[in-house]
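The same chain A turns up in both complexes below, where it pairs with chain B and then with chain C.
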Partner chain A sequence: MDAEIVNDLHALAPELWLVATIVVTVVADLVFGASRRALLGTLALAGVGMALWTLLGVDSGADARTFGMLSLDGYAGFFRTLIIAGTGVIILHGLVFRGMEESSRNEFVPMLLGTALGGCLLVSTDNLVMLLLSMELLSLNSYLLAAWQRKERRSSEAALKYLVYGAMASALMVFGFSLFYGLSGSLSMPEVGRAIAATWADPTAGYASQLAVVVASLLVLAGFGFKIAAFPFHFWAPDVYEGSPTPVTTFLAVSSKAAGFGVLVRFVDSVYLCETANADWVARIGWILAVLSAITMTFGNVVAVLQRNVKRLLAYSSIAHAGYLLMGLAVMTSGTPDGARQGMDAVMFYMATYYLATLGAFGCVMALANRFGAEDLSDYEGLAWSAPWTSSLLVVFLISLTGLPPTVGFVGKFWLFDASLKAGLYWLAIVAALNAVVALFYYLKLARALFLRGETTHVEGLKGRGVMPWLAQATLVLLAFAAVWYCFAFDGLAEWVERSLL
Partner chain B sequence: MNLLAVAAEPGAVSGSLSSYLIVSAILFLLGLATILTRRNVLYVLMGTELILNAANLNFVAFTRFGGYELDGQMMALVVVMLAAAEAAVALAIVLRIFHDFGSIDMTRTDSLRD
Partner chain C sequence: MDILTLITFSPLIGVLAILLIPSSKKDAIRTAAAATLLVPLILATRLWIDFDTAATGYQYVTQVDWIAALGVQYHLGIDGLSVPLVWLTTLLLFLAPFAAWNIEKGVKGFMLLLCLLEVGILGVFCSLDLFLFYVFWEIMLLPMYFLIGIWGGARREYAAIKFFLYTLAGSVLMLLAIIALYLCVRDTTATPFSIPVLSDLLRDGMLNGEPFGANLVNGGVIFGWPFLKWVFVFLFIGFAIKVPIVPLHTWLPDAHVEAPTSISMILAGILLKLGTYGILRVNLGMLPSIAPDFATIGAVIGLVSIVYGAFVAMAQTDFKRMVAYSSVSHMGYVLLGASAFTSAGLNGAAMQMFTHGTSSALLFLLVGVVYDRAHHREIEGFGGLASVAPVYTGITTLGFFAALGLPGMSGFVSEFLVLTGSWDKFPILTSIAVIGIVITAAFLLWTLQRVFLGPLNEKYKDMPDVNGREIFTLAPLAFLCILLGVVPMLLLGHMDATLEQLRQLFS
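Entry: the complex of A and B
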């Protein structure tokens, strides 16, 4: 076989393992039926483990371009690691989630692996065709996963809302791509970037072309904004997060958002910040991103204060975190000489901290729902007396999401604020700091409900299946440990991020 | 050479590109209006299909008149395929909604709200 193809396939090994695991789990489900949940879970986790192992084994320093459309560099490696590892944890959660019927539980695993495959390809691509295909692979699977609780009306409603907003966002994005294609004659992101820079620098290009660039950029940003649940495109998020089965909510808040930011950062970097980029144009994009960031975080935090349902509260908190992450993108496009690097550094580091904490927080929420059927803030009152361990872990994750020491969330926030101050975005840093105070209020409200409210008597747990097995509990402990550990040993994480920059 | 600038000039060589772009812009606006005004799920999905087809018309017209390589036409085929896949998923979900709510009017499906 051609040596080049072998190399390409070698770089793609994690994705190939995911595909193989999808096939194996589908076949195993057909052969063994619904009764063999443990076997299916073992197979799926083994496949995910192999994908992760090959991913970490591949030299991430190499800039492997694969089949002309994927760029499997260190940057892609960073996000692929997050997505695949997160998928492993979510599969564990899915296997024990009480609200799911046995018959649909096994099909849940290959669907989730499909989203992981889409996410991995999405963060690796710098071609608009591949971007669209992988984003749809991610989205179409997500729509169906949102409807996975067959007996719940609100689950199908969540799927409907996600589907309608998602279809609209991707249609707008495709129209934006068509305008980019008209301007540049190419579907590769760097080519599009050069064409945009040339259009903006050329005084004879005319009003129509500049208008087309602006319209196309807004349409494409709408598509990305939907995926990351940023302000004017966030409407779906609270309803879908609340209505979906909890493992799916975790996936939407964690993997889907990481994939969205992974592709958005690469898009901004190669389309708007190419080497010939026009400062005036970059400043405009930077201004849009900074305003979106400020509105998104303020909206998310303020509305989260009013929530009674814990999943909904965390949904608004996840919108707020999209705002913080957009801050890093505003730094990237702020026009300061080192801004692109610092902004990307801050986004990726913050994404890693958000990933740890959100994965853990939703895991705890699911554990509490499994044992006590608790999902509203009022159900949480005094729950710490019956489930001290899970409640304590949840508080650790909430502290990390707030951004207080001694958790890694503090380092992430610090990094982000530092980057935005260095880029001269003082107003944005002040807005973010005020937001952190609001966030503290509702995160502590949740912690107070658990520990300080209600009777200090034990609540009787639900009987039967759905109790978290030791493996799923161990991942929660591990995540909490990582959240604290990386506050002190953040060098290792920072170095990984540094190595993975574009 | 900037294609959109050429298209904007009357009587330019590729002047007929602008007529394609106008049709596609009209399709886009019709699709957007459908999405924003209709409350029936199927109409909303049809609106998104109109936008996708507007994009497809753009892709094909740009490839033809710009003398570009066939990337645009390939993209148009990919979009057609994606639209079909999306319709399959969408109809499955719409059936579920009809089963659960007895209606596919989006104003009726509001059990989740602040």
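Entry: the complex of A and C
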């Protein structure tokens, strides 16, 4: 075989491991059926572990353009690590989760691995067609996963809604890409970026092509906005989050969002921020992103206050966090020197902190659902007296999501505020800071229900079940420990992010 | 290990110990908590004795690099401003488990949170790095939320969340100000969060020959105001909510009234001081070039708090609510004294922080005593208690006199100093502030009369007097009220050098 292809395959090893695991788990399910669930779970986790191991083993500094489509750089490595690790945790919790039909529990695993594969490819590509294909791989799996509880009406409704909105968003995005292709004659993001810059540099190009760029940009941003659930493309999120089985909701809130932001940041960086980019044009994009960011976080937080269903509440919270992450993108396009780097740094750091906390929070929500069947805030009342550890861990994660010390969420917010103040986006920093107060209110509604309300009697609840329930609990403790640890020792995390910048 | 780290984190030893005791052994948990919280008190007493009263600057400084990426340091140190508050914190936290001995619900959780709370509070008083300061500042919010929210009175949920939201709203603005300062100086110094370093750099509001913020976008001018003014205002709001000042005080009556006795005592005794401590340490100590611009505003706010707080306290029918509002009034003196930038004013402000810490804690404990017996706090619902509970009456009278500033009691010295100090700068405001003293005396004496004098309310003819445990908590505070009234130099001597240094920033 050609040495180059071997190298390429080597760089793709994590994805290959994922593919292999998908195949193995499907076959294992056919051979062993539902009787050997532990084996299936172990195989899946082993596969994810191998993918992660090869990923961290691959030297990310080297030139790693693969098949001309993927750019497996440190940046991609960062998001791939998040996505694969997150998938591992979700599989683990999914195997334990009570609210899923037994008959289809096994198929759930390869589906989830499929989304991880799509996400990994999505954050690695700088080619518009590859982007579209991997996004569809991610999305199609997501639509199916959202409908996983066949007998639950809400689940089917969620899936249908997700599918319809998703198809619409994809269509808009493809249309935008086609305009970009028409303008630049290329599908490579850097090429498109140079072509856009030329549109502004060349006065003879005229009004029409600039308009085409604006329209195309808006269409593409709409598509991305859907994936990351940013206002005003968030409508699907609350229903889908509520209707899907909780492991799937977790996946949507973490992996899917990470993949969405991973590709969006790369897109903005290579399409709008090339060396020859027109400053006015970039500033205009930056302005749009800043306004979107402010509206998204405020909307998400304010509406979250009104929610009674915990998953729905967390859905709005994840919308709000999309707003915070957009802040970083606004900094990237603010036009200040070094703004691109600062903003990217902030987005990626915040993503890591959000990841830890959201995975943990959903893990606790699943644990409480497993034991007490709790889903609404009213079901949570007084549970802290029966499940003090899970409840305390949940509070840690919620505090991290709010952005208070002693949790890593505080450092994430610090990074964002730092970046936006540096970029002169003072108003955005103030809006974001005050949003934290609103956020605290509804996050503490959970804590209030758990600790402050209800009877203080001890309820045993249902016993843990499924495959390796203790391992799922251990991940929660580990995540909580990481959330606190990285508040006091985030040097390593910051360095990793710094190394992984585009 | 250095003594400040030891003091700050010693309550954590108790956390581990308490976790290991089974929940059913309540007395063991209480004892373990009290024993744990005694450790910092002993260490802080040692610190108080060893403290070099003549030295200016920070003592017992520990400085270790912590987060290289930001230049954050683990930087602790104390001076005359913080050492009394550290000691007071350890004292009140030691008394808290005794005041909370009656609590039966979730004893373990209560004591654990108490230990965590102490770490947060002591951390704030000891940290000399703004990042660290902020981290500790926020760490204490969560235990407080649960302490009020789980063990509080009927409206505890509302009170707890209100407390948390108000404080957080202030502190996020504070965080922005801290980050903005950091952005300004990070190219100039390797430790951009260090309070001593920032104090030096900020002394005249110029950095490398340019006004502060010149290296920021738009030269740091935001809505026509120079950058440092915004920093000052944001920091001030963050601290002022904690003080609290009128009109940001509305969380206080709710939180103080709904909290269990021991927590009200800590709230009034220490948490309010965090706000004024921040104002003195950061707003005045770090931004002396801006503070004079806001002196008059600060004095007016202080005055409004004094007079308004006193009037509202007078209108209360609930004993505890009255004491809560009297705190608003008393904390106003701190702000008034601090705004004058005179030696007497600053000494008075710093001393008032301590004396109010003892007298208000005492009053809340006293309210708790009567509430435990009568299960209500309506001032009008008592009467003639002096005949059945003479000791209780005696201590309450003493507490009231300390609070209203009777000569010979601690409150008199600090309020006198504040008024003397502010007279030079704000004669009119000071004259109005005297009304506050009169009103305070009026409502306290009136309460005394309604609760303790007159014919005995038959319902309480069998009310037992204070018991040994209660006397154990009341006596140290009552003793301090008298002691500092007679020998104020015990306290002033420790603060003098530091406050003189602070005053010189404004001369």
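What to note about this one:
The rule is simple: the second predicted complex is superposed on the first by the 494 of 502 C-alpha atoms of A that agree within 3 Å, B and C clash if a C-alpha of one lies under 4 Å from a C-alpha of the other, contacts with A are read in each partner's own complex, and residues count from 1 in each chain.
The rule is short, and it goes like this: contacts are C-beta pairs under 8 Å (C-beta built on N, C-alpha and C of every residue); 3 or more make two chains touch, one makes a residue touch a chain.
Quantities reported herein were computed from a predicted structural model and do not represent experimental measurements.
Of the two partners chain B and chain C, it is B that touches the larger number of chain A residues.
Look at A:147: by the touch rule set out above, it reaches chain B but stays clear of chain C.
After overlaying the two complexes on the shared chain, residue contacts for A:167 are found with chain B alone; chain C is out of touch. When the two complexes are overlaid on their common chain A, residue A:185 makes contact with chain B while staying clear of chain C. Using the contact criterion defined above for the overlaid structures, shared-chain residue A:303 touches chain B, although it does not reach chain C. In the superposition on chain A, A:437 contacts chain C only, with no contact to chain B.
Judged by the touch definition given at the top, the superposed model places A:276 against neither chain B nor chain C. No residue of chain A contacts both chain B in one complex and chain C in the other. Contact residues of chain A toward chain C in the complex are 336, 385, 388, 395, 399, 404-406, 410, 413-414, 417-418, 421-424, 426, 429-430, 433-434, 436-437, 440-441, 444, 447-448, 451-453, 456, 487-491, 494-495.
Touching chain A in their complex are the following residues of chain C: 66-69, 105-106, 109, 134-135, 138-139, 141-142, 145-146, 149-150, 156-157, 160-161, 164-165, 168-169, 172-173, 175-176, 179-180, 182-183, 216-218, 222.
Partner chain A is touched in their complex by these residues of chain B: 2-5, 7-8, 24, 28, 31, 35, 41, 44-45, 47-49, 51-52, 54-56, 58-59, 62, 66, 68-69, 71-72, 74-75, 78-79, 82, 85-86, 89-90, 92-94, 96-97, 99-101, 106, 109-114.
By the touch criterion stated above, chain A contacts chain B in their complex at residues 128-129, 132-133, 136, 140, 143-144, 147, 153-154, 156-161, 163-164, 167-168, 170-172, 174-175, 177-179, 181-183, 185-187, 199, 202, 204-206, 208-209, 212, 238-239, 242-243, 303, 306-307, 312.
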